[in-house]
Structures are given as structure tokens and as C-alpha cells.
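The next part holds the structures, each set out as C-alpha cells.
The same chain A turns up in both complexes below, where it pairs with chain B and then with chain C.
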Partner chain A sequence: MLDLLLDPSFAASVPRFVTPILLAALGGALCERAGVFNIALEGFLLTGAFAAVLGAYFSGSPYLGALAAMAAGMALGLVFAEFNLRRGGDSIVVSIAINLLAAGLTTFLLRAIFDVTGAFSDPAIAGFGTVRLPFIEAVPGLGPILSGQSVLFYISVACVPLLHLFLARHRLGLRIRAAGENAEALRAGGVNPRGVQLLALVACGALCGLGGAQLSIANVNLFVENMSAGRGWIAVVAVLLTGGRPWPLFFIALLFGAVDSLSFRVQGLGLAQQFTDMMPYLATLIVLVTLSWWRAKRAKGDAS
Partner chain B sequence: MAAANGIGRAVLPWALTLLWIGAIVFALLLFVGAPFGEAISGFLQGAFGGRRHAYLMATLSRSALIVGMAVSVMLSFRAGLFNIGGEGQLVAGGLAAALAAILLPGPPLLVLVAAIFAAMLAGAAWALLAGVLQLYMGVPLLVGSLLLNYPIRYIASYMVAHPFRDVPSGMVQSHLVPQGTWLASFPGTRLDVGILFTLAATAFALVYSYSTVHGYHTRLNGLSKEFARTVGLPVRKLTLQTLAISGAIAGLVGAIAVFGIHHRYIDGMLVQPLYAWTGIIAVLLVGMVPWAVPLSGFFFAAVQTGAAGMERTAGVPKEIALVIQAVIILFVASRVSGALSSKDGGRGGDA
Partner chain C sequence: MRVALNDVSVRFGQVLAVDRVSLAIEPGEIHALVGENGAGKSTLMNMLFGLVIPTGGTITIDGVPRRWASPQDAIGAGLGMVHQHFMLQESMSVLENIVLCAEPVGRFGFVDFAEARARVGAIARTHGIGVDLDRPLGRLSVGERQAVEILKVLYREADLLILDEPTAVLTPQEKSRLFDALRSFRAAGKAIVLITHKLDEVMEIADRVSVMRAGRLVASSPLADTTREEIGRGIVGGDLPAPRTRKAQEPGDVILSVDALTVARRGRDVGPISFKLRAGEIVGIAGVSGNGQAELVRALTGLEPLRSGSVRLCGERIDSLDVERRRRLGMSYIPEDRQRMGLALGASVSENANAGRDDRAAYAAGPFLKHRALARFARSLIDNYRIRVAGPRAAAATMSGGNKQKLVVGRELTRGTPLVIAENPTWGVDIGAIDFIHGELMRMRDAGHAILLISTELDEVIALSDRILVMYAGEISGEVAGGEASRDRVGALMTARASDAFGEVA
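Coming up: the complex of A and B.
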């Protein structure tokens, strides 16, 4: 087991798994901080993955694929806003409906456009290559991890400090936090909290769309029905655990991504695939239990 | 304001809602270039028609599972418990039913009874696990119950892929359960009597919700946890009991699928058709009103079999059913969501 963890190719594969979870979780963090309870990240990711394949296939460019994924995610964010913010639908109900909509629409369009069921792969799907960082790749240990990843990985990591600064300093970031913490005060300041929440949802859609693009046109070059496979839910857990704070979120996503990657690797050890497949979910539950136990203990410590 | 104006104001939004849903379905049909008339007749035929109503029977068979899952989550939702892990409880039940029937010796009827009991026990246990995670380990029920869907899905998949696999069949599935345990069909149809179990579970849920003290207490808990706690209701106990009942019903549905329809456990047979999620949206469609839940469950079953009919006659991918269901929920839920309160973001507090 230890050999496996120290295996450089394991470490180098971690970012591939971190990226989708991190991007979706950052989007979820924006919603969380803006006071929108968005648990439709799974549907957002899946839609992004499909739109990325669609865009990359017809344009021949992974960048246009990623843009298509962002646009599709943003559109879904607008749908969420329409039914939750404007029509006043319950956020959990709207989330469940959007997750189903994403599952239905992607399989429907898969058959309607490409006339296949299950999976669509085609050489015409232009995938992201890897980016080699000339000096960093020579650094022993970290080099192979940090270099040779898809451009989306670097974007996702850059988003962490950017989102942190944005929420801490930028006027709109402050408004987003105000919408989440005290919407009345924001309204008194002459800003409509719903408008701010709408922006958060649309930005969340864009981030999740990129996360989906990592799944379908960076990690592989194909779309498989339901290929988000619960990663959006893991991102939801990451958001809940961290209260949507970017840096803690980064480390949680790192942890979940590492487990995801590990579960992929241990399949080679003769462990049945079903047991490796359930590892990310068990790990997520274990982290949830551990953190809440730790928080309860600390709260007790403060009280005495 | 005049009364007529008031009625207009009540009807108009619903008319607009229907118009929107119709327009979206029309746009999807247009997108795939389906002949509109054939699609509609295919839909109706697929949901309610067929020779000697064969397709109607298929719809009823499907609604046996969907209504069962709907009733299961309805009891949780009304008690304010966001148990969205029905799928895991369903799988636990289906797996337990199949394994019990394969492993237990004895007369078939006894085996059947024991297997159904095992299924309900397994479903209840899986739901209780989510409850224990919430009450004693601080994992919100919403995410805890959902995350538990995945391990059991893979456990079931492992069981029928390795130790209990019917290897000669070449498929990832268990051996057939003994033929004596198969549920009989209604005379002259292919509809099995599993639907009677669903009816019994529904009757139980209606009586429980409308006229038992216990059901009343759980409803209070659902409407206001603070109130329930203040008047001294044993909130934790109610939570666990409600989850156990929900899980047992979901487990029963798994057993119906095994003994009535598939006669074995096939990998994915309870997950792929999204029975649990359809059950959840069937409850949400009618704002958790108990008597309306079976009707909306039947409605969604008809949407699914109708879509299959549209695929046969007009070449429309049957996944359109999922899109239609989601769109309906989006439009309707925002009209009835007052019945469901997730003010604490479904985090469930510490109740």
C-alpha cells in the first residue's frame, strides 16, 4: 500500500481527479456564500461533461469545448435561478429536478445527436493535451505532479486564491457574502440580493462546466452516460464541510481527489472493482464523521 | 378585487405552466424530427394500450415499484427527514430478498415470506444507518443517506458478480430464485400480484399519516422540530422509527421487483430505471399530500412507459421521459413547495 502511495505515477494522476471535484466545489462555494443551497452540482458537472464533448467534436478545439461546457453550465445556473429565486421553488426540490434534467437531457441528446447509447467516443473529439512546465518539471518529487497536467488543472488551482481574494476584497465578493449572511442589510444598501445570487449561480455553472470538461475531454476523450458518477455530490459535501471557504475547500478537494485516484490505482492489486469503486464515498463519509466529531470535541473544549 | 378575478388568478398560472411544459415537449419532439401525431398516439398506446391492455399492465407493474418508493420517502419527508437514500434501501432490500430466497431451504411459501422479511429488514437497516450517522455522528441526513446509495450499489454488484453469480448465464446477475417463490400473475395478464403489496403499503401509509398518533407526532416533527422538542416528543426515537419504516417499505419494493418481475437480482436492475428518484419526485409533485401520492406515482410510471411507446412508433429516444419529469417538477414544485420546508437547508439540524 505504501509503495503505491509513493509511486510517482500515482501522485501524477491525483490532479486529474482533483480538478473536477475542486472546480465543482468552488462553484458550490460561491452559491453557499451567497446563501443559495445548491445541491445540483452533480447535474451541473454532467451537463458540462456532455457539452464539452459536443463543443470539442463539432469545433475541433478543446478550448471551444470548454467554452461550450461553461455556457451549458451557466444556462443551467439560469434555470436554477429562474425556478428557485424568481418562482420561489424550494432549493432542494429544484436541485433534485435539475440533477434529473441533466441525466435525462444528456442521454436524450446523446441518442438524438450522435445516435448512440451508453457512451460516445470519436477521434474527432478534440481533447486537452498536457502542459509541460519547463523548469518545474525538473524539480524532484513535485515536478511530475505539477507539470504535465491539463490546462484546466492550473485554472482550477488558480481559482482558489482568486476566489479567496474575490470574496475577501472585491465589492461583488462582499455583496455575495452579504447576500448569504444578511440579505436585509444588503437590500438596505440598495442592492438586490437576488441579483447577486443569480450571478453566483451563473458563475457556479461556469465553474462546474469546466469541471465537467476535465472529466470528458481532458481525463478521457469521450462521454459516458452519468459519467460524473457522484463527484458532484462529493463536491457538495466538501462545500458543507468547509462552509464554502476556498482554502479549506482546496485541501478537502485534494484529499477526495487523492482517494478517487487511489481507488483507480488499487484496481491493479486484485481487489474487486466494486470495492475500489466505493472507496471515494466511504472516504467522504469517514471525513464527514471525523470532522464533526473533531468539531464537537473542540466545542466542548471551548465551553470548559 | 372581484371573485372572478380571484379564480382567474388561481387558474391562469396553472394554464401557463401546462403551456410551458407542452411547449418544451413539443420543442424536443421537433428537435428529433418526430412525427407529432404518431408520437402522441405512441405515447398513449405505450402507457395505456396494447393488445389486451398489455402496455397498461406494464405501466401498472412499473407503478407498483414507483408508488412503493414514493410512499417510502413520503413518510420520511412528512416527518421533516430528507431521506434521499431510498435507492440504497431499495437495493439493500432487493439484494437481501434474492440472496435469502437462493440460500434458504424449506417450502417455497415459507422461503418467500422469510425473504420478504429479510428485504424489509435490510432496507430498514440501511435507512437506520443514515439516521445513526445524523443523530450520533453529525452527518446531515441529506448527504449521509445519499452517500450511502453508492456503497450498497457496489456491494450488490459485487455479490452478483462474484460469490452468487449465475456464471453460465454470462451476465452479471444472481441465480434465479426458486420457481415456487415467484409471485403469481393476475389471470390472463402478465401483471404480477406484487402491486397488491404496494397497495397494502400505501394503505398502511395513508392510515399511518392520517389517523395514528405516531404519524401525527412525526408530522409535527416535520412541521417544526422546535415545537416537537418543546412539547416533549422523543424526537430522536421518532426519527429512527420513521426511517426504519421508510427503509422497510423500500426494502419491500426491492423484494417485489425480485419475486414479481426479474426473479433474480440483476446488476443495476433497481438503479438504472431510477425508481427511487421517480418516487421522490412523485411525492414532490403533489406537495407530500398522502392520498395524491399513488396517483402521481402512476402518472410518472405512465410517462415512462408512454415514452417507451413513443420510441417504438416515432423513434423518439425514451429518455425524453426523464426530461419531461424534471421539467414538470421544476414548474410544479415552485407552485406547491410551500408544503416542503428546507429552511435549514436540509441540514436537518441536530434533531
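Coming up: the complex of A and C.
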């Protein structure tokens, strides 16, 4: 086990597991801070993964694939906004509907467009290559991990400080926080909170779409039914645990990504797949329990 | 800027909330708008501010008819409103709160905080309002929060300020600082509308007073041309209720005995608090909201555990009993929040009237409720407490605030328990209902029940209490006998250290 954790190829694989979780979680953070309870990240992610393959296959460019994924995510964000913000549908119901829709629609389109069931893989799907960072690569230890990842990984990491800065100092960031905390005050100030929430949902869709692209056109170039495999849900947990604060979110995503990666690795040790598939969720549970225990303890400490 | 409302009306469903009101608001004038709850004052001002769209009439500014679809338009036209329930963001800093919705921006839409700080600082200095711009709003006192609200309005260069019940949450000292600030705005040529139901304030500061009743404007004149009595008659549509007389009586046995009680609270614990409450007396607990009253009530009623100390009800220790056992031993509770704690809004009047009573043989046969008996009881409450509602089957949500509160008061007082805990029992109800509820509490006292009255409404505490305990910073900062209580004496105890939201006017 220890050998496994110290194995450089394990460490180097972590970023590609972190990327989709982190991107989806950053999108979810925008919604959380804007006061939209969006637990449709799984559906956003899956749709993004499919749209990425679609775009990359027909255009021959991974960048256009990623753009298609973002567009698909944004479209789902608009769907969410239409039913939740405009028509007043319950956000949990809308989220579940979108998650089911995404699973059904991608399966259906897989058959309708590519005439296959289960999975679609084709050399014509243009995937992202790896980006080598010459100087960083030479750093012992961290170098091989940080270099040689897909461009989406670097984008996702860059988004962390950007989102932090955006929420803290940008006009729209300020309004997103206000919409989440006291929307009525925003309205009284002359800004429609729903407009702000709509923008947050669309941006969330774009980020989740990128996360989906990481799943399907970076490292591997294929789409498999339900290939998001619960990563959107893990992102939801990360958002709720951190209250949508970008930096804590980053570290939680790192942890979940690492466990996700590890669960693949230990399959090689002969552990049953059913067990290894549980690992990310087990880790989620442990973090949940530990954090709430720690918070309760701290709250008590504060009071005394 | 001269703002005029001409024959404006607004209809909510069947109810004409504002009925053809015409009003002119002049610059350099403090215009008091008075009336009972539900008289239409707030609706009228929400209309002026673009939060409610009028169904008839026009609004003109300097003679030009204007029409707005949202507050944004009203703000653009130079109107600003300080709402009764503050419109603030707890987690943001004071500066962020002030500039929100009108942020000065630099490159890429990022907020130019240096510019914001300079502008807000200049405004604060002009009107002598001192607030630390970098403090998180969550740490501010109520008075300081109000200063932030006012700075918000001034920052957006409003020429007309609407203040909705601004003094409801302030100590007398904070109130006088607020009024100093308002006088400074008046001197600067701004128009000010002060919505209030306190006649003292009208007499103290207003230049002109308009009275609303049941959606109509019943009077509007310069303050000099009217009298306090005339305004009062306009508000209630008759003479003001006579001041209450109290029966002199010796307090009886100790009903409630609180000894060194402390309650956990974020930051600093509440307590230690010790006092005794005897049969046949009303003990009032005064204080600015947030000084530990809520925690004390929650600990007494069993909604929150004590950290230490003891509570005895009729000689029995109750501090580790649950809510139900405490109520059975002889405690009734009129909670501050009738919407959430006092009533189940979706349930019927009958169900609400019987909540906590449905375990008795008269109302239940085994696990089943006797609906006819429940309805009979609800009907008797409706009659005896003059509750205006369609009937026992109507949903509790269909009643007005005052009638909801009467239902809660009736349900709790008819239990006839030795101890009644009343927490802001007249919060947000009209004068008629206030008078009725006060009468009922006094009647209970005269009948030998012990009443603990927790209220942030100083006049209420002074009018009803035999003894007044003042809470400040989680402790009892002093006791005043009911007879010798004056606003200033109690007010001084309420702020052992006065906050400095409104500094001296420069």
C-alpha cells in the first residue's frame, strides 16, 4: 500500500482525477454563493463529457470540443434557470430532473448519433495532449506531477485564485455573494437577484462542461455511458463542506481526486472492484464526519 | 427636489391597501407619516420607492410625472429608503455593504475600493456619522447597522430619504444621535419621510405630519397647526385608550426562581442571571435586542440547555426537564415569533388553538382528536379574544398579524398557569390589539399569576411592570421599581457603555 502511494506514477495521475472534480466544484461554488442550490453538477458534468466528444469528433479539434462542452453546460444552466428561477420550481426537483435528463439524453444521443451502445471510441476524436513545462519538470518530486498534464488541469488550478479574487473584489462577485446571503437587500438596492443567479448558473455550466471535457477528451478519448460516475456528487459535497470558498474547495478537491485515483490503483492489488468503487464515497463520508465533529468541538470551545 | 403623490392607489386582490392618497414632500423638511400597523404607510412608501407598482394615480418629481418598474428607477431619480428590516449582508464589510449595487469599478469590472472608501469617508464626515468601514457587518450593533443603512442611501446621493420605523430598535441615546443626523440632512436641503407610530417622535422632530388610517390619508398639516391629541385621534379613528391603572396588591409566593443561570452563546456566555418572580406581579425585562434576552427565554422555556445554575418553578427544579414537562408544571409561553414559533401557519385556527391541549380527555379519545370539542374551544377563543377570522377551520395564515397574536395570547393565557412568559407580546400589532393584549396580561396579574414580560419596547415595559430588570451584555445591569421608572433611567442601564454609531455633528 505504501509503495503504491509513493509510486511516482500514482502521484502523476492525481491531477487528472482532480481536474473534473475541481472544475465542477468551482462551478457549484458560484451557485452556492449566489444562493442557488444546484445539485445537478453530475448531470452538467456528464453532458459536458458527451458534448466534448461530439465537438472533438466532428471538428477534429479538442479546443472546439471543450467549447462545445462549455456550451452544453451553459445550456443546461439556462434550463436550470428557466425552471428554478423563472418558473419557481424547487431546486432539488429541478436538479434531479436534470441529472436524469443528462443520463438519458447522452445514452440516447450516443445511439442516435454514433450508432453505438455503452461506449464510443474512435481515432477521430481529437483529444488534448499533455503540456510539458520545461523548467518545472526539472524540479525533483513535484516536477513530474505538475508537468505533463492536460491544459484543462492548469486552467482548473488557475481558476481557484481567479474565483477567489472575483468573489472578493469584482462587482459581479460582490453581487453574487449578496444574492446568496440576502437577496431581498439586493433587490431593494435596485439589482435583480435572479439575473445575478442566472449568470452564476451559466458560468457553473461552463465550468462543469470543461470538467466533462477532461473526462472524455483528455487522457482518454472516448465517451462511456454514465462516465461522470458520481464525480459531480463528490463536487457537491466539496461545495457544501466548504461553503463555496475557493481555497478550501481546492484542497478538498485535491483530497477527493487523490482518493479517486487511488481507487483505480488498488484494483491492481486484487481488491474487489465493488470495494474500490466505494473508496471515493467512503473518503467523502469520513471527511464529512470528521469536519462536522471538528466544527462542533470548535463551536463549544468558542462558547466557553 | 419636490416629490408629489397624486391620487395613488394600490390594490392587493380584494383589498384596497392604499386608497387615492395625495401627498407632497418638500425639500428641507422632515415629514412624519403616522398610522397603525396595516394603515398603508409602508405600502405607500414602497410604491414611491418602486417596490410596489401603483394601480392608479401618478408620482411626480419637480412636477414631472414619473413611473418606475423597479427600485433601480427610483434610486436613479434620487430616492433612498432605510427599510424597517435592514437590507444588509452579514458577512460583508461595512464598506462592501455601502457600495453594493452602486460599486465604483475600475478595470475588468473589479470594484475600486480606494475610490469607494474616499467617497464614503467624505459623506460620513459631513454628517458626523462614525463607523469603521472595514468591520464585518455581523459584529455591529443595531444602531451601527442603521448608520450603515443611512450611509448607503447618502452614498447613492439620495435627495429624498424614507426611513421606515427607524427608532424601533434603538436605545434612547442612539435615537437622539439619529435625530441629530436627520437634522443635519434637513439643513442640507434633503427631504425626509419618517414612518413611525410613536407620537413622541413626531412631536420632537417633524415639520409636517400626515396620518393614515385604513389605506386613506386622513390628515396632513404642518406640525404647528395640530396637536398630539388630534394626531392620536386621527390614527385610531377615535380617542386614544386611557392610561392603564393597576390594582395595588402585595406579591404572593415565589413562582419562578432563577439562580445563577448561564447559557452558552457564541462569543460570550449569557449570565449569571438571578431573580425571583412572585405571584401577582409583572416583572419586565428591558434591554436592546441581542443582550441575552432571547437566550434567557430559551433557557427558561426549555428550548436550550443551561450551562450552569438552576431554575425552579413553584419550588420544583425544572432546568433539566423538557418543554412539555415544564408546560405541564405550570408554564405558558407567548413567543416573540408568532409566524414560526407561536403558530403553524398552514394548520387551521382550531388546530392552533388546541396545540398543547390536545392530550386532555376533553379533547381526545385515545389517539384520536375530538374535532367538535376542539372547534368549540377555538370558537370560544375567537369570541372572547375578539379574533377576526373566517372561523375555526380557516388556516392560521389567513389572519392579520394582530389577530394571529391574539390567538397565541388567548391559547396561552387560557391555560391558566401560575407562570406566563411573554416575549415581545405586542411586536408588530396595531394599537387596538396592543391595548387588548396589555389588558389581558394585567388581568392575569391581578388574578394572581406571575408574568415575566420580556420586551424591547420600553414604553410597554414601563407601562405594565411592577419591577423592571434591565439586561445588558448578557447580564442584569440593574433593577428599577415600576413606579419610579423613567425612560432615561432605564435607557441608561440599557447601554452601560453607549455605542458610538452616531457621533457628534461636526
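To be clear about the criterion, the second predicted complex is superposed on the first by the 304 of 304 C-alpha atoms of A that agree within 3 Å, B and C clash if a C-alpha of one lies under 4 Å from a C-alpha of the other, contacts with A are read in each partner's own complex, and residues count from 1 in each chain.
Just so it is clear, a residue touches a chain if its C-beta (ideal position, glycine included) is under 8 Å from a C-beta of that chain, and two chains touch if they have at least 3 such contacts.
A quick note: this is a predicted structure, and the numbers were derived from the prediction, not measured.
Touch criterion met: A:237 reaches chain B, while chain C stays clear of it. Contacts of A:185 after superposition on the shared chain: chain C is touched, whereas chain B is not. In the superposition on chain A, A:169 makes contact with chain C only, while chain B stays out of contact range.
By the touch criterion defined above, A:103 lies against chain B but remains apart from chain C after alignment on the C-alpha atoms of chain A.
More residues of chain A lie in contact with B than with the other chain of the pair chain B and chain C.
When the two structures are aligned on the shared chain, A:285 is found in touch with chain B, with no touch to chain C.
The part of chain A that touches chain B in the complex is made up of residues 37, 39, 79, 83-84, 87-94, 96-98, 100-101, 103-105, 107-108, 111-112, 230, 233, 236-237, 240, 272, 274-275, 277-278, 281-282, 284-285, 288-289, 292-293, 295-296.
Per the touch definition, chain A reaches chain C in the complex via residues 169-172, 174-175, 177-178, 181-182, 184-192, 299-300, 302-304. Those residues of chain B whose C-beta lies close enough to touch chain A in the complex are 28, 31-32, 82, 84, 133, 137-140, 142-144, 146-148, 150-151, 153-155, 157-158, 161-162, 274, 277, 280-281, 284, 317, 319-323, 325-327, 329-331, 333-335, 337, 340-342, 345-347.
Of all the residues in chain C, the ones that touch chain A in their complex are 51, 70-76, 81, 83, 86-92, 96, 100-103, 105, 108-111, 113, 152, 264-267, 269, 307.
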